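Some structures to go through are shown next.
Each of the next two complexes has chain A plus one other chain: chain B in the first, chain C in the second.
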Partner chain A sequence: MEYRVGAGTFRALNDVSFELPTHRVVGIVGETGCGKSTLGHAIPRLLPQPPAIVRSGKVVFRGVDLLRLPKWQMPSIRGTGIGMIFQEPINSLNPAFRVGDQVAEAVHIRRMRERGLDPTFRRDVQGTDYSRREMPRAGDVVSAPFVPPALVDRAKARSPPVSKELHEEVLSFLRLVRINDPERIVSLFPHELSGGMRQRIMIAMALSGKPGLLIADEPTSALDVTIQAQVLTLMKELMEEVQTSILFISHDLGVIAEMADEVGVMYAGHLIEFGPVAEIFESPRHPYTKALLRSIPNRYKSEGPLPSLAGSVPNLSRMPAGCAFHPRCPIARDVCRHDPEPPFVAAPAGPDGAVHRSACYFPEEVASLP
Partner chain B sequence: MASATASAARAAAAGSVEEEPSGSGVRSSVVLFYRILRANILTLVGFVLVVVVSVTALLVVVVPPITHLILGHSLSILPYPPLDTNAFPYYQAPSLAHPFGTDQNGADVFSNVVAALPTDLGIGFFVAGVSLVLGGLLGLVAGFWDTPGTLSGAASVTIMRLTDIFLSFPTLVLALAITATLGRGEIESEIAILATWWPFYVRLTRGEVLSIKTQPYVIAARAAGVPESRILFRHVVRNLLEPLAVYFTMDVGTVIVTYSTISYIGVGVPASIPEWGNLMYGYQDLLLTAPWTVWSVTGAIFVTVLGFSLLGDGLRDILDPRSRRIVASPGRQSSKLEPSS
Partner chain C sequence: MGRSKGDLVVFIGKRLLQLIPVLLGVVLITFIFTHLAVPNPCAAWAGPKATPSVIKGCEQFYGLNKPLPVQFEDYIVGLVTGNWGIDPLTHTAVLPSILAAFPATLELVLAALFLMVVVGIPLGVVAAASSGRVADHLVRIFYLSGWSTPTYIAGAVLFIWASKEFGLSGGAFSTITSPVPTITHMSVVDAILAGSPSATADALEHLVLPATALAFINMGVATRMTRTSMLETLPLEFVKTARMKGLTEFWVLYKHALRNALITTTTVLGLTTGAMISGTVVIESIFTWPGVGLYAYDAITSYDFNGTIGVVIFFAVVVVVANLIADVLYGLLDPRVEWR
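After this line comes the complex of A and B, so read on.
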């Protein structure tokens, strides 16, 4: 994944490779500018191209490499296949429409696909049997034949989403995200709602597509702390109710610890560590992860100045040779400065067999760091 | 976008005002419209001026043929035939019989000014309207499909460079040059103004499209699986309507001023057609001897242009759902609290 800007090219994502098991929550953490959001947007191919260019790599979703899919088929993956919640709830709703209509749009799209009325929709890619009411589960990958556009009732597919049934479903999704009085809320415009309410609407919209994978790109960063807690609680409850895989992107380690089953740590476009959440927090195997953990403020007492990491994230156009982290690394040696980027190796498997991988030459020494 | 405090004030105002005009459909929109007009006195003035001017223009055009059909002979709402020479004593000051006096040819100035209204208003709407459609479409294409390296990207670049070329000439000079080439006449001069007018709409539309299409709500819609065609119409075009409608309304007045200038210089409509620029040309020597002639024509232009400007300004409030409810809420007499973005 690269950005081409002017004459220069920035490699925004490099060697980011991980698996997202069904119905698990994978968290991605990292500093601002490390490529978290780029990753989240790159999966459903939402980055504007150009300037973004995909050099190589794969995004395999239900057995299909999304990066090789023709562009016109991408909309049929989005919404019902991969849903997304964004960082800015303030601007993520169209100011010109009532929120009910916006949720209805998402519900309408899914219903058209359920009925085979969306000509671009490929059931074999989506792999979901939408005739069932519940969320997609691991087992129900069905390969229904691709519906040729000519057979689709185009007039029906374009009919405006206004039916009573649809309205009821919109209300049910608003109730799902704990909105009181949804009958009144649907007729309001986005500017009449608070940030937390808008984020709830966004979550309802994302869920109403019944996606197999939900990408939450810092869903709480733009909210203030109490609202943040509400939204996080809501999301945690929804994870139990709605069976779906979630990629949870955040810069907040506490949030990640709360939400995720597995964690990936990113630095300067690289995935530097990946493993089960407990392992990452207890025995990090990369000095950067260690430094991140050290800089979490203690909630109960002040311990003087917070330890912070000297230096800053390298400029993507002038990446250091060798390991991207070596200029700030306390345990860097010659091999880190000159050798190509350290391989992403797995630690010896723990007792539960979970794989904990990190991109450091000296993972054992990390434990001895302060 | 509005600042944090402004949006907080807005949220507070919106929170306290949940009462929507009761009733549904047409009735509630009429009530809403009335409240918006009442809330801002300038919008009301603009609205009234535009309605009066438009209705008068319509009556001037429509009444003679209809009365001819019904009564067998034409009646006009004009008190006297326009541009009628030697009908009255020359240089009469305004009186009850001649509210705007008479001119050097002994014609009633009021009749002349009102007779010119449909021509000028028609030209205003025609030129601004065609520019809106043509420039709007080109701007939409240039803004929405501007990916470099593709066929549509090349089209986009072509449109914008063409626009730049037209915009690099001074408007009036280019219009005059074209009319001088095409010859004097109503159609010719309208084409001349049109040629200089559409590029502004291309630029405006393209700029708006470029900013709208990177808005988070467009990305969010795309992420929800909304197809591109629907994004274009439902999200981009819908949010374009407001700035374009505001600009268009104000622009009708600007076209009238420019067109009057062209015909004042003497390359617009033939002198036999009553038109404000033509009248002005005829009256220019009377500024000191019979000032009412000049003032009448100037006043007509002023009132018309002012009406469209005020209405255009108020349209912003009417079309934007963010300010609509606040402005139209009962108990609010002004829209001052609403930050205009």
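After this line comes the complex of A and C, so read on.
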């Protein structure tokens, strides 16, 4: 994945490879500008092209390589397949529509697809092996915990007009994100809501598609500290209630520790370490991860360069040869300073034998670092 | 200040009050200019062979022998009481003539506006969506060629080409075969009201050429504004949100992005409409379209100072009202705007 800037291009994502198991939360962490959002956007193919160019790679979702899909089939993946929450709640809602209508649109799209009434929805895009692997139809992934059964029954019994049903479902999703008076909120415009409320609406909207994968790109970074904590608590609670895979992006390892089952650490467009959250925290296999861990105490200030690390993130257009991290690495040797880059390989198995990979030639030495 | 209906009424009321000093200024300036340009129109009207007594009588009749300030005062009083003077050649009252001609102009401009909206805005969206690629360049060539063509050339070329090619004729009532009762003074609307398909087709046929010419010239306003504001809107995060709902690109563009881009486009179109109405002089005289523009042309070429001032004042009102409508539309389209 490259960005073309002016005459040149630079590689914003390089060799980022990981798996996201069903119903698990994978956290992605890294300093600002390391390519986290680029990764999050590359998965549902939201990157603006130009300037973005996808050179090679695969994004396999439910057995389909999204990068090989014709562009016009992508909408069939989005919403009910992959949902997304963005970094800036100020801009992520359409200022011209009432928030209730915006959520209703997402609910409507999913309902139409569930009933096979959306002519643009390509069920075959998801592959014929859909049934063979006994995967639920798009949209049914998390249906059970979502709508309180009482609501469903009442709706069926009275068989109200579709719009009424839709409205009820919108309200139920707003209640799901702990909005107390959804009847009032639905008729408001985004600018009439606080940042925290807007982000709740965004979460409700993303969840209302009942996606199999939810990408949360720093959902709390733009919020005040107290609101941040509230929204994180909400998301944590929702993770229990809503069974969906989540890619949780954050620059804050502390947040990741709370939210994720597995963690990927990114540095300058590379995935440099990936493993279960406990593994990463107890025995990091990359000096950069170690440095990140040391910066956790001041978690709400980690936007700038890491205090415990000398130097700064390399310019993506002038990457050093060999290991991208070597100019700042306390244990760098000659082999690190020359191509090829250290391979992203399974480190010697940890105590519980979980797969834990890192891109460092000397993963055993990380433990002895301060 | 808020967004309630009451706030809107107060807003409109205030803006209408602001209209008064603007109009006084317009009247004063036009009055002075017309009287300086043609100090004694009676001589011109009466012709070279007129006797001094005839000219004197004429001057007396129109009050031209009075001092200028008194003439101005008389004129203002007349203006307020609805007596905008009399056309010396046809001896018809100015205000009723303008009001009778206005619907035709409005019809022409609205037809052009309709074409600009249904052709120009989608073209702007297409251009923005394919920014920097072939479609974008083609669209820009199209609207720039309209923009840089002088009105009289675009009108004349279209007129000649269409009359040769299709035998269409421009003049509004030149070949109208089945006259229908005049109700609204809009040829198409009247024909529809009369329930006559043949008259409607005929009226449309007459409307199509001048409306197309007017729309072609002003297409750039709609297309360029739409393109520019779409280009500003498309990178915004909520467009990604719309995509992530699973909407197809068509709805992302034409519902979510265009809805926001239209806020600016509509305002600019409102302003343009005012300018188009007051700019129909050329197009109406080419196509002999019986609107205010043609009236203005006749008034100016016949030294009819009452008619000239009247038309200028009328155009000033139209422009101000169009601006007001543009502002109100802006507020209605953008929920963040408060009336003040």
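We take it that the second predicted complex is superposed on the first by the 316 of 370 C-alpha atoms of A that agree within 3 Å, B and C clash if a C-alpha of one lies under 4 Å from a C-alpha of the other, contacts with A are read in each partner's own complex, and residues count from 1 in each chain.
Please note the rule applied: a residue touches a chain if its C-beta (ideal position, glycine included) is under 8 Å from a C-beta of that chain, and two chains touch if they have at least 3 such contacts.
Because the structure is a prediction, the values reported are computed rather than measured.
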Room on chain A for both chain B and chain C (clash or fit): clash
In the overlaid three-chain picture, which partner chain does A:94 touch, first (chain B) or second (chain C), both, or neither? both
Between chain B and chain C, whom does A:31 touch in the aligned arrangement: first, second, both, or neither? neither
Partner chain in contact with A:109 - chain B first, chain C second, else both or neither: both
If we overlay the two complexes on their shared chain A, which of chain B and chain C does A:339 touch? Say first, second, both or neither. neither
Quick check for you: in the superposed arrangement, does A:189 touch first (chain B), second (chain C), both or neither? both
Determine, under the contact definition given at the top, whether A:252 touches first (chain B), second (chain C), both, or neither. neither
Show which residues of chain A both chain B and chain C reach, each in its own complex. 44, 46, 48, 75-80, 82-84, 86, 88, 91-97, 105-106, 109-110, 120, 189, 191, 202, 205-206, 209
Touching residues of chain C toward chain A in the complex: what are they? 235-238, 240-249, 256, 259-260, 263, 333-336
Can you tell me which positions in chain A touch chain C when the two form their complex? 41, 44, 46, 48, 72, 75-84, 86-88, 91-97, 105-106, 109-110, 113, 120-121, 189, 191, 202, 205-206, 209
For the complex, which residues does chain B have touching chain A? 1, 7, 10-11, 14-15, 18, 20, 147-149, 214-217, 219-228, 234-235, 238-239, 242, 321-322, 325
Which residues, counting only chain A, touch chain B once they are in their complex? 44, 46, 48-50, 75-80, 82-84, 86, 88, 91-97, 105-106, 109-110, 120, 184, 187, 189, 191-192, 194, 202, 205-206, 209
